[in-house]
Amino acid sequence: MRVTVHRRAHFNAAHRLYRKDWSFEKNDQVFGKCNNPNFHGHNYELIASVTGDIDPETGYVIDVKILKDIIKSEVEDAFDHKNLNLEVPEFQELNPTAENIVVVIYNKIKKHLNPDFDLEVTLYETPRNFVTYSGE
Amino acid sequence: MRVTVHRRAHFNAAHRLYRKDWSFEKNDQVFGKCNNPNFHGHNYELIASVTGDIDPETGYVIDVKILKDIIKSEVEDAFDHKNLNLEVPEFQELNPTAENIVVVIYNKIKKHLNPDFDLEVTLYETPRNFVTYSGE
Amino acid sequence: MRVTVHRRAHFNAAHRLYRKDWSFEKNDQVFGKCNNPNFHGHNYELIASVTGDIDPETGYVIDVKILKDIIKSEVEDAFDHKNLNLEVPEFQELNPTAENIVVVIYNKIKKHLNPDFDLEVTLYETPRNFVTYSGE
Amino acid sequence: MRVTVHRRAHFNAAHRLYRKDWSFEKNDQVFGKCNNPNFHGHNYELIASVTGDIDPETGYVIDVKILKDIIKSEVEDAFDHKNLNLEVPEFQELNPTAENIVVVIYNKIKKHLNPDFDLEVTLYETPRNFVTYSGE
Amino acid sequence: MRVTVHRRAHFNAAHRLYRKDWSFEKNDQVFGKCNNPNFHGHNYELIASVTGDIDPETGYVIDVKILKDIIKSEVEDAFDHKNLNLEVPEFQELNPTAENIVVVIYNKIKKHLNPDFDLEVTLYETPRNFVTYSGE
Amino acid sequence: MRVTVHRRAHFNAAHRLYRKDWSFEKNDQVFGKCNNPNFHGHNYELIASVTGDIDPETGYVIDVKILKDIIKSEVEDAFDHKNLNLEVPEFQELNPTAENIVVVIYNKIKKHLNPDFDLEVTLYETPRNFVTYSGE
């Protein structure tokens, strides 16, 4: 019996959408007000969803405390109250769009999980805009 | 890397569930208070979910502003503050159940998208009743 | 010790904003798309808040089941899946704006309560537009 | 056209996570404060999602009232305001983790549905911790 | 300039509504299924609202971290994953209705605050049932 | 009959909590990670609540479209996707704590309202931290 265990978390961060190798005009045309050089920010909400077999001994797929701790060390401690462009190594050369952030978070969490588990990550940039990635 | 981009939108509308070719009694038996001839209404909430590859240049699957504009012209402008039975052409002969509405919305959005994109639409009739369609 | 007990409820209804004694043009100018003659609709959410002393015997200000039953008979049974303009007597001559609806609901609930209780009613027309009335 | 119809419901219950055949110490080590012998509790939120073809006659996949009634008799009447460990037969020998509860709920609902329908159940133990099961 | 600072928190607990000095029948008549002797439970959500003058030096009324720590020690550590009737001293002789719980929480938080501050506490027993107390 | 009309809006912004006239160490001690010199950010949610008499002609206290337009020009256009410290004149010398931001927003909206109206503004910095100001 494969069940999915979901854990919700959140972090606040500043970011700016742009490519260093493009002119300001081109960045402005493509990214609009998200290209503000002084940055803007979001309360990001995150759902990490782990699918696996129920352990018949404990009744758990994964102890939610373990998943919570992975999210804390890999995502919250790394991103919360940070400037994604300036302070998070993964975005030094990678534009911090919601799509790119969710892939980075997926990879940071996935490496701590039993390979038998499937992972899907949903990232809310705002309550109206969100993205999902499951490693495909 | 295939990522899903979700955009939430909403519209308010009146509707009535019934078939013109059924008697009032039969409509009443099948659709209950939803068959009120004077109509009732909902704040419909909509999530359009577009799945595709991340464009390595921009970091976007699809610019959310493009998706927002498609939803605005195809759904909000067409349905908001309308009577679905009387004023929306798609429901002249089609009973505006949540199931039928979500299929109509799917088709209206899908035709504007790159065919490489997958689309899924979720429509909330109320916070407790909602439907999903992905073209299958 | 005066404590406030809140109970949330909801109903779906159709309505139209207009005055019978105004021209269509004037109604249109004042009420815009809310003046659609074919009606539109909402999922109304309601919070009834009753303030009174805690009964030292039961630990209740008011048994929530009593409040729930008052809301059911006075509001849900009277308004749910109805056309407010055509089917609800209170709005035969009264424009069903959120402001007028909340006053009507306040009066319908208040008459069932112990006069020592204060009442406040909040009515959500949409998650972004809502009104509050407390009898002042 | 296969559409998914979702219905949200809820129940409140007390529970304790532990195995009768383990020592208190082992239960404590594995289940932490969830092993409180005096129980703790939750407002469980439930989404039952039924996927099937739209009936071209009614425009329904399944009448939501039917789904609502199945959930009421199989889940709400059976679990609401109950102690899952002491009063719900399914958990006499089964640890009431969210994973095990969602499988039990899935089985209780599935047997009432047309076998052509797919079912998925999501169970929120808290707004941050939830699980999903679809019979695989 | 008096501003109110709100902090939201939550805890899970089991409880039972009854009076030791009443018969089971009387408790059952007054408290219904909330009188289940095996307990039931809730995810309680809490909002503590502190009103005071903005400190012109820091721009804070109260550092939210201080308020968060008071709530943690006085409410979360004391109530979370507990059986209110059996394990929380305040409810040994006091029926743990939402009204009584909110007054207890108010008193536990208030004693840590500068007396110039006003306090209001809102406690959600469920998303539909909640109570507010401000010391009046 | 005085009724309160509430309108919800939102904006995203970056900010940093600090005083220019304090050392980095003192800022760090008082404002912790909110003093990150590279900024962090939030999805701010705003509720503007206007209290006044119902106009017996229209049934409105204030046309919500008017309130929506005031919020758009005074708050959304001025703050959205901005760095509050660097780009918003009001915070050149004022620390952008939630308390100070809500007072600024109150003053920007209040000047556009009929003086007979009362105004209250609630500002969510995160879903768990929010503030309210009503001009007292």
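Odds and ends about this structure:
Per-chain residue numbering starts at 1, and chain names A, B, C, D, E and F are given in the order in which the chains are listed.
Here, a contact is a pair of C-beta atoms (placed from the backbone, for glycine too) under 8 Å apart; a residue touches a chain by one contact, two chains touch by 3 or more.
Not measured: the values here are computed from a predicted model.
Minimum number of contact steps separating chain A from chain C: 2. In this assembly, the chain whose C-alpha centre lies farthest from chain A is C. Counting every residue number used by either copy at the chain C-chain E contact, under half are found in both chains. In terms of their C-alpha centroids, the spacing between chain E and chain F amounts to 29 Å.
Separating the CA-averaged centres of chain D and chain F is a span of 42 Å.
With centres defined as mean CA coordinates, chain F is found 34 Å away from chain B. Touching of two or more other chains is recorded for residues 127 of chain A. If touching chains are joined by edges, the resulting network of the protein chains shown has some other shape, matching none of path, cycle, star or complete graph.
Here the touching chains pair up as A-B, A-D, A-F, B-C, B-D, C-E, C-F, D-E, E-F. Contact residues of chain F toward chain A in the complex are 10, 12-15, 33-34, 36, 38-43, 80-83, 86-87, 126-127. Listed in rising order, the residues of chain C touching chain F in the complex are 17, 19, 30-32, 94-100, 102-103, 127-133, 136. Of all the residues in chain C, the ones that touch chain E in their complex are 1-9, 49, 54, 57-61, 63-65.
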